[in-house]
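Supplied in structure tokens, the structure appears directly below.
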Amino acid sequence: MPLLEIENLTVQYHTLHGAVQAVRGVTLSIERGRALGLVGESGCGKTTLARALINVLARNAAITGGAVRFDGVDLLQLSGGALNDYRWRRIGLVPQAAMDSLDPVYRVGDQLVETMRLRGGLTPAQARERAARLFALVGLEPTRLRLYPHELSGGMKQRVVIAMALALQPKLVIADEPVTALDVIVQHQVLRTMRELQETLSLSLLLITHDISVVADLCDDVAVMYAGRIVETGSVREVFAAPQHPYTMGLRNAFPSLRASSARLVPIEGYPPDLASPPNGCAFAPRCPFAVQRCWGDDPVLMPTGGGRLAACHRAMEADVLRIQAPQAFARLEATGSQAVEGGAPGGGIP
Amino acid sequence: MPTRFSFLASRLSQTVLVLWVVATLLFLIFRLMPGNPLVAYIDPNFTAEVQQALLRQFGLDQPLHVQYAVFLSNLVRGEFGRSFFSREPVSQVMWQVLPNTLVLTLSALLLAYAVGVVGGALLAARRGTWAEAWGIPAVLATRAAPEFWVGMLALAVFSFTLNWFPSSGATSPGSAYSTWWAQVASWDFLRHLTLPALTLALYLQGLPTLLMRSTMLEVMDEDFITFCRMRGLPERTILLRHAARNALLPVVTAFALGIGYSIGGNVIIETVFSWPGLGRTLVRAVAAKDYPVAQAAFFLIAVVMIVMNFVADLLYSLLDPRVSHERQ
Amino acid sequence: MSGSERAAALPQWTRAAATWRDALLVTWAVARRDRFALAGLIIYAVLLAVALAAPALAPYNPLDLNYRPDGDVAANEAPSLSHWLGTTNLGRDVFSQVLFGTRVALVVGFVAAFGVVVLGTLVGLVAGYYSGWVDTILMRLADVAFGIPFLPMAIVLVAFLGPSIWNTVLVMTLLLWRDTGRVIRAQVLSLRTRSYVEAARVLGASHVRTMFVHIAPNVLPLSFLYGSLAVGWAILTEASISFLGFGDPNVISWGFMLQDAYNSQAMARHAFYWFVPPGLCIMLAVMAGFFIGRGYEELLFPRLRRR
């Protein structure tokens, strides 16, 4: 049984322009002791998904359906107190805004100790000792426990938050864009640290990022998200070697590290759809160079494609052929502008 | 760090500037008072010798710019002349009433801020409920009601109808105490203090309540509060230890400002309850054209207020670790 | 002015006029969205009607002494059919005084608020637009105005200038422009760099024109906000000054009524009918200003509303 099973999860935001479905029926599982990378453009619902797992959503957002089973227990059926018990003790989270996640008026060590005392039931002495060990674990000198957040650099704050996430020895750590705000060298160090910790502590890791090269470096499995849906999953090696969804193919074209350095980078033309009024057919169809008649009217579901992989594409069976055409096809699309009639402003896309 | 130092230095120079402008205004206003320009210092009823002595002491026989210099140096030394009525030195009058004003102001402010901080935090925590929908207009009502009217109602009900509290003064007539401290600690003084302090506190609590509420709401939208939620900290801990502690910074600053502003505004409460303080002294002196006393009372009120503005800046930089630690 | 320049200027004038009109229409938008703001507007409307019709509504001249049928002065009478709110210690009709007090409150409130807002907006516009030493001097002036204890200064000045409601209004204007001034200046500083303002300058608009045609309409909503709050403060301040005995002795204001009641020991006589109504009126009028101001604020800064 996987550690975490997400089934058909939907999350809705209530905005002035009506309801927006940010997560539209996501089904995904995370195996014990493995690192799963969740990639997608910003705004595709990654962060909302992560926060929905422990139900810490923005005030105007609500889970409208589905299940989140942790060790077989559906967290969404739990009462507030019982769910709170899962937060941090079993599922730790490194939030997207880790830089601003520490309370500015308390020393970072005290915040770490507070969490362990209130949630882990440790005595103050135990908590302080453990805090020092956690700091060492994430590569910070224990003397820094006495500093205030503003006295630490961005990378150090990030490490503090990671230490926080590990404080109660959770089985699963969700890291939401954990390094986006850091400069490149520090990014690398922090990511290395996370991977090492994941392996030595045999954690399960859900790493959320828009950067597929990070996933390729650090993760065992990958899930590609687009417009509130998972469009492709599988092991990192297989998915990046032979993507089956045109969106994954496009992503691969857009990132330098996954291709020969001589190859030209081709961004995916156009924008994701407006989720206040999602399209009838495949959400990627307006940007897809391979879209056919069926794609516009019929929304593909995530289907097994063999070897434990899944993809949500009507043409997944032709993937081997499409993959070869993909670089030229995306480049042509970029040259002519999006085929989408509405909302396809030129010059968009990723990264 | 130079930024912090230069910030405080510029605030200090601003404070001195404001003090100087207020002093100069004072000089001009009382010099322009109707009638004889000397009237600001010399009661026409004084004997000729006393008049001459005062003329010399305040340099009133000198040209205007010399008078101005003498005026400033007298201010600095706290020399304001003698009251037209009691004939006492003005500084002595000030020493008698200033402590009463401070006791009244501080007790009312402490009460107001204690109530306001808790009330504001509760209003923030109950966002979107009927408690908020009616709580805010209720707080606005306490700020809209004229203090003297609330004081009159309090007197009519608690003093004249129920006879719970005395209606005027700081002590009962005929009572005598060995020291001022003994007086403040006495039951009689407390009974006199209760109504004015409560009335003042009712008015003053509006600002901390509304301020606390709005900063709490701002803080509760911050990422670190969300992170507290993610960590599953108890709601009470999040609200009190994290949100309220952060929201407190501007409120504490407002407290220091409040000392200044309410000493200025005390003129009303002190008049209604005949509280022998600085404000009532000012009102009576202005009405009776006792210019030396009026001038001194006004200047003292202004000094307290201006100094407290400066203290507020100082406090803020001390309380917020983000500012204070820049010293290292 | 060349032909092309005039053509370019025309839509700007139209736009400016439209913005000024919009600023007024915003008031209605506020009232429609916020029931408290609507209540505030209704209170003002009622007060205005009462103020205009006071001579017709008031059963007696507020300063006349009234007599009982037996010829005695009808002093300290409890409410009755002939004197709805009783009489004062001199036998004057309280109800008539309350009605006439509306006039003073509204005149003082609106004239002072207008003065405060006009002066504050002008200072803010000039300081923010010219910056440099003009700004420095004006903002130091604002610091000084913030440093002066308001009510004591008002008392001293009114005592010095002589008790009249116009002096009260003048003093309030001179002391209370500071808040509006600072806020408007900050807003102007950010507007000054907008492209359309720079474009106007490049096209040869004068400083005065740029300030009043291109920038002023955009800060007007803020001026309105501070104006609606200033009405309340002005009414409250006038009442305080009158209560302390520095008000216009020839004018019946609510503050004057309360001073009258206080001085004649109305509390000791439990004459609630005398001193409760004027205080309530002040409170309602001031609250109306707060409510409208709050509604404005939420419309101008919708971030507050979402919270």
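For clarity, chains are labelled A, B and C in written order, and residue numbers in each chain start from 1.
Going forward, a residue touches a chain if its C-beta (ideal position, glycine included) is under 8 Å from a C-beta of that chain, and two chains touch if they have at least 3 such contacts.
Which protein is which chain? UniProt says A = ABC transporter ATP-binding protein; B, C = ABC transporter permease.
Predicted, not measured: the structure shown is a model, and the values here were computed from it.
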Contact graph of the chains (line, ring, star, complete, other): line
Top chain pair, ranked by how many C-beta pairs fall in contact: B-C
Separation of mean Cα positions, chain C and chain A [Å, integer]: 55
Rounded Å distance, chain B centre to chain C centre (Cα mean): 25
Residues of chain A engaged with two or more neighbouring chains: none
Chain B - residues contacting chain A, complex: 222-224, 226-234, 237, 241-242, 245-246, 249, 320-322, 325
Complex contacts: residues of chain A adjacent to chain B: 51, 54, 56, 84-89, 93, 95, 97, 100-105, 114-115, 118-119, 148, 150-151, 161, 164
Residues of chain C defined as touching chain B within the complex: 36, 140, 143-144, 146-153, 155-157, 159-160, 232, 236, 239-240, 243-246, 255, 258, 261-262, 266-268, 270, 272, 275-276, 278-279, 282-284, 286-287, 290-291, 294, 304, 307
Residues on chain B engaged by chain C in the complex (per definition of touch): 14-15, 17-19, 21-22, 25, 29, 32-34, 127, 137, 140-141, 143-150, 152-153, 155-156, 159-161, 167, 214, 217, 221, 260-261, 263-265, 267-268, 271-272, 279, 282-283, 286-287, 294, 297-298, 301-302, 305-306, 309
